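The structures come next, written out as structure tokens.
Heads up, the next two complexes both have chain A, just with different partners, chain B and then chain C.
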Partner chain A sequence: MKAIADAIGFNLVVISPTIALVLTALILLFFTITIESNEKVKQVITFSGVVSTLFCVFLKFGLFLQNGVSSYFSKKILLDEFSLFGNVLIGLILLFNILPIWDSSSQLREKTTEAIILTLMSTSGFMLMVDSENLIMLFIGLEIGSISLYALAGLNRVDKLSNEASLKYFLLGSLASCIFIYGVSLVYVSFSVLSVYDFATGVGFVGADSVPLTTKLGVILTFIGLLFKIAAAPFQSWAPDVYQGSPTGYVGYMASVAKASAFIVIARLCQVSLRFMPNEFDSFFLFVVILSVVIGSIFASVQDDLKRLLAYSGVVQSGFILSGIVSGINGTSASMFYLFAYIIQLIGIFVIFSIINGKMSSNFNIQDIQGLIINNKFLAVTFCTFMLGLAGIPLTSGFVSKFILLTNLWAYQKYLLVSILLLSTVAGFYFYLKPIWIATIEKTETPVENFKIKRSEYLLISSLATMTIFFGLVPSSLINISRWVVQSYL
Partner chain B sequence: MGILILGVILIPFLTSLFLKVIGKFLNELLTNFITLNAAMLSVATSFFLFGYIFFDKFKPLKFELFQWFPNPEINFEFYLDGLSGVMMVLICGLSLVIQLFSTSYMSKDENYTKYFEYFNFFVFSMLLLVLSGNFLVMFFGWELVGLSSYLLISFWSEKKSAARAGNKAFILNRIGDFGFLIGLMMILNEFQTFNFLRIFESSLETIPENLDVIIVFLLLGAFGKSAQFPLFSWLPDAMEGPTPASALIHAATMVTAGVFMLVRISPILQFSELSSLIIISMGLLTALIAAFAAINQKDIKKVLAYSTISQLGFMFIAIGSGAYVAAIFHLVTHAFFKALLFLGAGAVIHEMHHEQNIYKMGGLRKKMPVTAAMMGIGTLAISGIPPLAGFWSKDEILASVFSRGGIYYGFWALSLLAAFMTAFYMGRHWLLIFVKEPTSDIENIHEAPKNMTRPLILLGIFSIFIGFINTPFFHGLEKVLDETLKSVEVTHLPEGITLAILAVLSIGAGFSGLGLAYLIYIFDIFSYFKIKLPFLSEIKLLSKEVLFLNKVGNAIFVRGLKTLSRKVAVTVDNMTIDGIVNGVAKSFLRSSQQISLAQTGLVRNYVVYFGLFMLVLIVIYLFSPGVLI
Partner chain C sequence: MIEVTSDWYLTLSAILFSIGFLGMMVRKNALIMFMCIELMLNAVNLTFITASKHLGSVDGQIAVFFVLVVAAAEVVVGLAIIVSIFKKQESASVDMLSSSKG
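Coming up: the complex of A and B.
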């Protein structure tokens, strides 16, 4: 038995975060349908589940130190720097979002823990996705994660917009999944590999020129499926509708987790699988990046709904991160930094939105934050911090990430791209400053009333804001981490 | 000793933070107490530091706070030498004087404490900028001064025009910063460091090939911040802010950041012939355009704003001709007399109950004697009448330009013309406010309160005597900047009789400008001799509209871009919602009323677009070089 286990690379530690999440979800489900237990018990279970997940991620670091980059379960699961970074990032996303998600679901009429269970399941799926070496495993993880997200979007059954968002997300997301799996099958049919490492070996063996065109098309379709998840233009159209319609408490999670995992997978595909055919897909990615930045900037500047604005700003930011990932190793490292900083700011903004707008509501007009600073100093200041971070003002992590990224792109001699990205930051000031202006400076007769903020929310928001400032002032720690992620590909 | 640099920077910052936190509980008196004491403390500290490096023969003082970025190493570091020392003392001193003035000018404003909060924050960012030890810290300061200037311009944000002016300043500055940032990236790639000293050292060994490009990009930043052509139109609009803030930010300190930066990088700037030519020609163009525009403005502050732009042009001329000391010298003297003029204008505005039209003033000399006298001193100083401050610095610039010879003779002649125009419009400004027969009722106008006149008198004294720090007979400032410019080839003044002739010419330009202003606006020579100048009204209109540059620029950049983006977004939106697939969606809608347009139309459209764009991407891939062909 042991021999078989060794032969297939059976190792429970490497999938322990996923197992922990699934177990927590199952226990919660059990408590929900059998024993009538009060909220407190479920809260404790959820929280301990999240903490044990993070502990399992920690265990994986030990395994990594012992084995290095290695694959398990007969080349299904991969343990490398990207997967560890992804695990940490997704774990943190879950940790930071569990509070708004919990509060939102406790407002649901049925008082179910359904939202929490869905969240945990989706996190387990995305964990699996960043861990997977095999493209089929990747697809399974993606689907487990995404399907729960579709359900989360429509959880507020009495809100028409929420239902609409859920349906849209589901229809378009399944289309994207179709395209993804079609691309994977094309690759398999024409190249007979499914593992991301084997693909690189195969390309290195036959030479980049003899890779069949069908395989390349398959790769493109696979990328398109992933680009949908990061809401890069021209596949951005779902994002604003879904963000706007979904209950505000869930949007932070939905937006951040899908983006984080999809970006890490794209980064691994670019740096590992495609390393022997560099510059092959440059024009494809250049088109996507430029389109994302331009479309995102233009559309964001005419939005009146804050959630839609954030969605389009996300399109721009996706373009930025993507531009680093596809340009090379140093760019990827910069993008990892960017991703981390962006995720922190995004979560922070949506936590604030969920307080102001109510956890379950959908529309969030920009006038709803008029004169925020008058009665809600704390919310206004942190909101400005995150917004300025997204805009890339110096002394926030947003500036550092843009700075490193653009400097690296400049070193790759992509002058045109850098100019376009820089111009888009100029345009970005226009639409990021608008909410700040309305919230703080503009005079108003009817400022928004004072919101009740729980102590846990204070802690969460202020720690996120502190991270935003801290990584802007002393970014060297995070830079070292982001360098470590790509160290073995240098 | 280095840690004191941090102290100088942090005092205003902490003051600002303190006012922010407990601002609610402060009345005007307490605010005054806190902010003025803090300002005095920072003046004392900066003087102490300046004295320290003075006795140390201006040996630079360095201070490293922490490592900001590993490999290539970028530290958060500060650097104090003669250049930054002069700027530091200037900023701290002027901030004290202007805050003293503000206590009276801003009193009874509902956001009194907030004003000082922003003000101190500005002083902090400006000190960060000038005391920076590398480009990164400088860029931080650079951005923060932009931010605080934006806050102060739109301080009275209930005024629509103030809000718009703030946005305009911010956006035009962003265009400059865009170039600055590209320049920084190129520097990092080229030198692998941001530290000034290391960059200068390595440039002494090998001059990088694309130095011209680097400097041109940095110049864009300097042009934006220092309001040079073509990025100058934000400065006149910035006068919407409180007048004392304009005095500090938009006259004395922030707008000179570009000049400071160019002098700071002079060790590499000197190798780039091309950028020197760009600097001097742009500076000259700006000086002339702005001087021309200042001639027919009717807003008391706008005249001064255009005058500031024109004087900044003079500083750029000095830098372009290699006279870095003269540039800093003019920066210092200009800071004093322009702050004086602005504060004087503030006093007038305050007493005239926020009337800013100079044609509605006149005859104020008798009502406000101190203000009139002090503004008179400022006017004489800026016109270059000896022995006031402006004469020494402007004459040094003109003489340095002359001494380069060749094409610079032409530049010199044009600069002399600009100097003449300066005297003319400043003479008109002063005469129209203080001397001309009053056109409106000024019975109830009084002299400004003591807290306003005292700073004016102080600045007036400085405007007279500050010029003596660097005369042909005593090269004080040159010695201060010696260490900073040790590897730089500085243009020196011509000797003996040439210098004397040049001085006489520039004095002549000053006097004739003032005299012409007197003849036209007081004596009214045109109607006396019944002279009719051809095209006079056209010229007046051109001057008033700044050669229509603002309108054209506005139409192209601000309004054009805005409408374009709105149009594109709306069209694309329409297309997505009910554009191409409109017919399908509509017929579908008609057949089934239950399902709303948004849902069916959108998802169907999205899917169609999804597929279309997928095909587009594949086609793009297929036609990219090396795939099929």
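Coming up: the complex of A and C.
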């Protein structure tokens, strides 16, 4: 029995974060539907579940130090730097978001734990997704994660916008999944591989020039499915509606987790599977990157709803991150830095939004933050920090990430791309500074009232803001981490 | 007598997928769009089965099981979402879902 287990690479440690999350969700479900238990018990269970997940990620580091880059479960699960980075990132996203999600859900009364269970399940799916070596495994992880997110978007059933967001997210997300899995099936038909590494081996074997056209089409379709999840143009149409309609307390999680995991998977596919097919898909990716930054910048400038503005800004940021990933190994390292910095700012800004806008409401007009600084000094200052970080002002992590990314692209001699990205950064100053202007400088008769902030929310927001400033002043630690992520593929 | 080769099945699945994709683009009823998604997933299944038979490997057949399970899970969540919308507005047309735009 043990010989078989060793032969197929049976190792529970490597999927322990997923197991911990699913177990926590199941225990929570059990407590919710059978025993009348109070909030305190459920809170303890959730918190211990999140902490044990992070501990399991820590255990995976031990396994990695012991075995190095290795695959398990007969080449289904992969343990490499990308998967460890993804696990840490998704674990942190869960840790930072569990508090706003809990507070938002407690307004739903009888459905409090519903959202938490969905969150834990979707996190487990995305953890599986970044760990996967096999494309079918990737698909399952993606779907476990996404299906929970569709339900999460429509949890506020009395709000028409929430229903609408949920249906739009569901229909377009499922379409993306169909396109993704059709691409995988085309690769399988023409190339007879389903594994990330086997694809590279196969290309190395037949030579990049004699790869069949069907395989190339399949790869393109696979990438389109993933680009949908990161909301890169021209596949961005769902993002603004979903961000606007979904309950504000959940949007930070929904936006960050799908983006983080899809980007890590795209990075691994580009660096591992496509490494022997140089310049094959360059024009396609260049088209997506340029369209993303242009469309995102134009539409973000004309938005009146802050959540829609953040959605279009997300399209621009996706273009930035993608430009690094597709240009080479150093660019990928820069993109991983960018991704981390962006995710921190995104979560922070949505925590602030959920306090100002109310946890379960959908619309958030830009005038709702008029004169924020008069009664809410702390919120206004942190809001400005995150917004300036997204815009890329010096002393924030946003500036460092943009700087590293653009210098790397310059080193790859992509001058046209660098100039377009610089122009979009300048355009970005307009739509990122507009909310700051309205919140702090613009004169108003009726400033927004003072919001009650819990101590835990103080801690959360200030630690996220500190990280934004810290990685802007002392970026070397994060740069070293992002170098380490790509070191096996140098 | 014409021999039916793997190519026929692959062409059929490509046509089915295209029909589903076109349906998603042009139809306005949420339920019909939902059926189009199912059609596309089943076209994928046909591709996997054909490839599996053609290549003589089991991977494709196993993939079909997983795709089927995912499709079933999507039915559950998708129908719940459509029903909760239907309760509010008496019709499952996506034309009426235009509150958020811009």
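Brief remarks on what is shown
Note that the second predicted complex is superposed on the first by the 488 of 490 C-alpha atoms of A that agree within 3 Å, B and C clash if a C-alpha of one lies under 4 Å from a C-alpha of the other, contacts with A are read in each partner's own complex, and residues count from 1 in each chain.
Keep this in mind: a residue touches a chain if its C-beta (ideal position, glycine included) is under 8 Å from a C-beta of that chain, and two chains touch if they have at least 3 such contacts.
These figures come from a predicted structure and were not determined experimentally.
Once the two complexes are laid over each other on the shared chain, residue contacts for A:418 go to chain B alone; chain C is not touched.
In the superposition on chain A, A:40 makes contact with neither chain B nor chain C. Which of chain B and chain C touches more residues of chain A: that partner is B. Of the two partner chains, chain C is the only one that A:150 touches; chain B does not reach it. In the superposition on chain A, contact is made by A:168 with both chain B and chain C. When the two complexes are overlaid on their common chain A, residue A:185 makes contact with chain C while staying clear of chain B. By the touch criterion defined above, A:241 lies against chain B and chain C together after alignment on the C-alpha atoms of chain A.
Once the two complexes are overlaid on the shared chain, A:220 sits against chain B while remaining clear of chain C. Contacts of A:476 after superposition on the shared chain: chain B is touched, whereas chain C is not. Within chain A, the residues touching chain B in one complex and chain C in the other are 164, 167-168, 171, 175, 241, 302. Chain contact summary for the complex, chain A toward chain C: residues 136, 139-140, 143, 147, 150-151, 154, 157, 160-161, 163-168, 170-171, 174-175, 177-178, 181-182, 184-186, 188-189, 192, 194, 240-241, 244-245, 302-305, 308.
Within the complex formed with chain A, the chain B residues making contact are 66-70, 139-140, 143-144, 147, 154, 157-158, 163, 170-171, 174-175, 178, 181-182, 185-186, 188-189, 565-566, 568-570, 572-573, 576, 598-599, 602-603, 605-607, 609-610, 613-614, 616-618, 620-621, 624-628.
Every residue of chain A that touches chain B in the complex is listed here, in rising order: 164, 167-168, 171-172, 175-176, 179, 213, 216-217, 220-221, 224, 228, 234-235, 237-238, 241, 280-284, 287-288, 295, 297-299, 301-302, 393-395, 403-404, 406-407, 410-411, 418-419, 422-423, 426-427, 429-430, 433, 437, 441-443, 473-476, 479-480. Those residues of chain C that touch chain A in the shared complex are 10, 17, 20-21, 24, 30, 33-34, 37, 40-41, 43-44, 47-48, 50-51, 54-55, 57, 59-60, 62-63, 66-67, 70, 73-74, 77-78, 80-82, 84-85, 88, 94, 97, 99-102.
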